[in-house]
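Structures for review follow.
Same chain, two partners: chain A is paired with chain B first, then with chain C.
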Partner chain A sequence: MIPPSEMVTALAGILASGRMSAAILRTLRIVGIALVASIIVGFVLGALLHALPRIRRTVDPLFATYYAIPIYAFYPLFIVLFGLGDVPILIIGFLLAVVAMIISTLNGFDRIPPVLLKTARMYRMRRVRTALRIMMPCAAPYIFTGVKLAVAYSFIGVIGAEFIMSGSGMGYEIAFAYSNFDNQIMYPLIMLVLVLVTIINMVLHSWEKILFERRRRR
Partner chain B sequence: MAKGEAHVTLQGVTRVYPGVAGQRPVHALGPLDLELATGEFFSVVGPSGCGKSTLLDVLAGLASVTDGAIRFEGVPIHGRVPDGIGVVFQEDASFPWLTVEDNIAFGLRQSGVEAGEVRRRVDHALSLTGLKDFVRAYPAQLSGGMRQRVCIARTLVLEPRLILLDEPFGSLDQQTRLLMGDELLRLWRETESTVLIITHALDEAAMLADRIGVMSARPGRFLEIIETGWPRDRDSRIVARPEFGKITGRLWSHLRVESLKTLGQDRPPL
Partner chain C sequence: MVTRGRDIAVLIVVILLFWQGLHQFTGTGLLTAPLDTFARVLRLLGTPSFWPHLNESASAFLRALAIAVGVGLTVGIVLGAHRLSGEVAEPILVALYSIPKVTLYPVVLLFFGIGMPAKVAFGAIHGVVPISIFAMNAVRNLNPIYLKTAQVLKLGPWATARKILLPAALPEIFTGLRVGFSLTLVGTLIGEMFGSQRGLGHLLMAAIGLYRMDTIMAITLLLVLFASAINSILLVVDHRLHRRV
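So, the complex of A and B:
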């Protein structure tokens, strides 16, 4: 393993040369799409499951064991179905992130005090308005935790899939360097992933902190 | 509607909760009859689980009656909150993501009230409830009593003609409760609304109300309706009057028996 100072220098060199820019941008684009899709779909499915408790009871055990499923085992199947492009990688990233979002949405909606829903009825608010004006803001901090987890999981999914079988992307470049014992490339790229996820999570964390801080009793 | 006329009428009001998962239905309330005059302050006391909160729910239109009828200003209430009724709940119902000001304005904005009118009513409610210095604060930054004041202010801005309060000071200490009672009496005088408060505190019921309805153990019915005879311009100092002790004594004589029934200790020893 090379020293961290050398990783930083090598990373600066890689970024300055621009030779990895296409791979980095490709990975970030796929992560971005997988993340946005998982947030939207995860939130909608979470809200639907909260409204349909019978179906929720049926799928709850699946959520409890979901992360024990080796999603990467389905990667060849996705390649057969969708070809060797970005789609199978995107699906892996999406599948890993979406359940964290569903669980967090359910958790947020479960924590809405019943008295707030009674208050909505007192204001004669319809269901959609109640969902938008009361349920969503009330559940927001917990939904936000889901977004944070989705960021991490979509990065894991996409880079992991690229690592296993892909012709480009950061995961592929890490795998290529790994196969060639090229520590001057592999460790700086791993560091780049770490830095990117840390920055995104720090921004989200500070936002989340504001949301929770407003509600913390003194 | 002129003062003294029946503002709210309950006739044979009954509420039975259907049995869940093979359990027997629960007869929670009634049959119960009551007339509330316009501008009256009415307290309801009763043992735990006697259906006090159910009474409030059916009165507010938050739950349907199984039998009987409720009329508010002559219009039947049945499972929908009518215009002109405001409810203050026992639990903290303030919205934690909104400031005090936005909490109070929430209902008005939902109803599409014009911004200038919202400003005027919110300012007035802030003055009435003594929250003027906390407009930008979030509920989490306030004490339990102040949060309940936010909820009261949020109800008052809607200018309800009937205000229903479900043990609004239940989580507060005795001194704060008496002081909050003073504030409630002041608001009642200023707004001239009809008020029905549900409470488990006998002194609170006796101090606040023109009339007190004493409820039986479940299914809740009125055992007696006691007239306090207090002047409209009253405050918590009436607790020192000898009549106050007589009223709370009379309330307790009913409630002791009913509470023992609830606890299952009304049977003679074996």
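So, the complex of A and C:
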């Protein structure tokens, strides 16, 4: 174990030399794609399920057990199906994130006070207008919670999959440095991942707090 | 209850049909059909060389779970009882919950060496965080009137803990145990998928090299069935506990 001060200087050296830039950018790109896909798909599916209560009741047990299932167990399957590239990693990140987004979207729409929907009907608002003016603003903070979770989960999924088996990316570089006993690279990279993800999560967490705070004041 | 059972049955049928459809769509060699996969599970369970791996995984998981529950409950209850410590520790625990803990696995491996202890430690790291968060909140959010009641009834500390605190905090603590159970399983499995020579995770990774799709799918199915069966039981207990309060 090398001292933290040394990790920081080594990390600065690695970042300045630019030899990890490709791996870092690749990981961030895959996380970004998985995140955007899971947010869009999760929101659309959540909204659809909210509109179709019969189907929602049927798939509800799936959501209840979803996060109990070790998603990584599917990773070997995806590798054999799609080859050892970006796709299986992307799918793991997406699968881990999308259900959090679906559940949060459902939760957000569930919490719209019925009186607001009645008001919309009194004003004879059209469905699209009701959705844009009443449902979305009202559900937004809860949906944002889903976004926050999706960010955390897509990082966990992508870096985890890269670590277990892949050919590049931050997770791979950490595993590779470990196999070569290269502590001068391994510890700084671990630190980079942990610091980066913690900062992103904390920013989202405080933003979420502000959103809910504003809701309470009204 | 009856409609819920029917919903689950419908869901399972839909998943099986979807799986069979994928199998037909991708061609016979690529994705093993549901029935063949179940047959493969049975054949694996009948193979003597499979059992040491299953035992290895099971014992690693159970040890990790025991550590996660023991440490998690102790940490959570202490943090919940002491307000300042709880307020300091909460953001740290939440941050720990949402980082990719897999990056810490090399450090765990360097500490414990490759083998059983590293897997147990890594599984326990995953499970301990949610268990302590839930236990902390359970103790912290106890209604103060319960404690006053205990004082009025002149209950001793032991009786207070057993008759009042435990029943009041149990539902929330149990939810933490349920989440901790799943995450411990994930952690143990990741521990086996990287740098391990034994266990189900290792078998899964080894099957990629051998291109044994049926083995991969059979082990994945086994894990999914195990995880969702236990989780469903825990969910039922969880709902019951929450309804009682």
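The rule is simple: the second predicted complex is superposed on the first by the 214 of 218 C-alpha atoms of A that agree within 3 Å, B and C clash if a C-alpha of one lies under 4 Å from a C-alpha of the other, contacts with A are read in each partner's own complex, and residues count from 1 in each chain.
The working rule: a contact is a pair of C-beta atoms (placed from the backbone, for glycine too) under 8 Å apart; a residue touches a chain by one contact, two chains touch by 3 or more.
These numbers were taken from a predicted model, which means no experiment stands behind them.
By the touch criterion stated above, A:L116 is placed in contact with chain B alone, chain C being left untouched. Of the two partner chains, chain C is the only one touched by A:G160; chain B is not. By the touch criterion stated above, A:I69 is placed in contact with chain C alone, chain B being left untouched. In the superposed model, A:L81 makes contact with chain C only, not with chain B. Using the contact criterion defined above for the overlaid structures, shared-chain residue A:R126 touches neither chain B nor chain C, since it reaches no partner.
In the superposed pair of complexes, A:R214 makes contact with chain B only, with no contact to chain C. When the two complexes are superposed, the chain touching more residues of chain A, out of chain B and chain C, is C. Contacts of A:V59 after superposition on the shared chain: chain C is touched, whereas chain B is not.
Common to the chain B and chain C contact sets on chain A is no residue at all.
Those residues of chain A whose C-beta lies close enough to touch chain C in the complex are 1, 57-62, 64-65, 67-77, 79-81, 152, 155-156, 159-160, 163-165, 171, 174-175, 177-178, 186, 189-190, 193-194, 197-198, 201-202, 205. By the touch criterion stated above, chain A contacts chain B in their complex at residues 113, 115-116, 118-119, 121-125, 129, 133-134, 137-138, 140, 211, 214-218. Against chain A, the residues of chain B that register as touching in their complex are 60, 62, 80-81, 85-87, 89, 91-93, 95-98, 106-107, 110-111, 138, 140-141.
Listing the residues of chain C that touch chain A in their complex gives 3-4, 7-8, 10-11, 14, 26, 30-31, 91, 94-95, 98-107, 109-110, 178-179, 181-182, 185-186, 189-190, 193-195, 204-205, 207-208, 211, 213, 216-217, 219-220, 223-224, 227-228, 230-232, 235.
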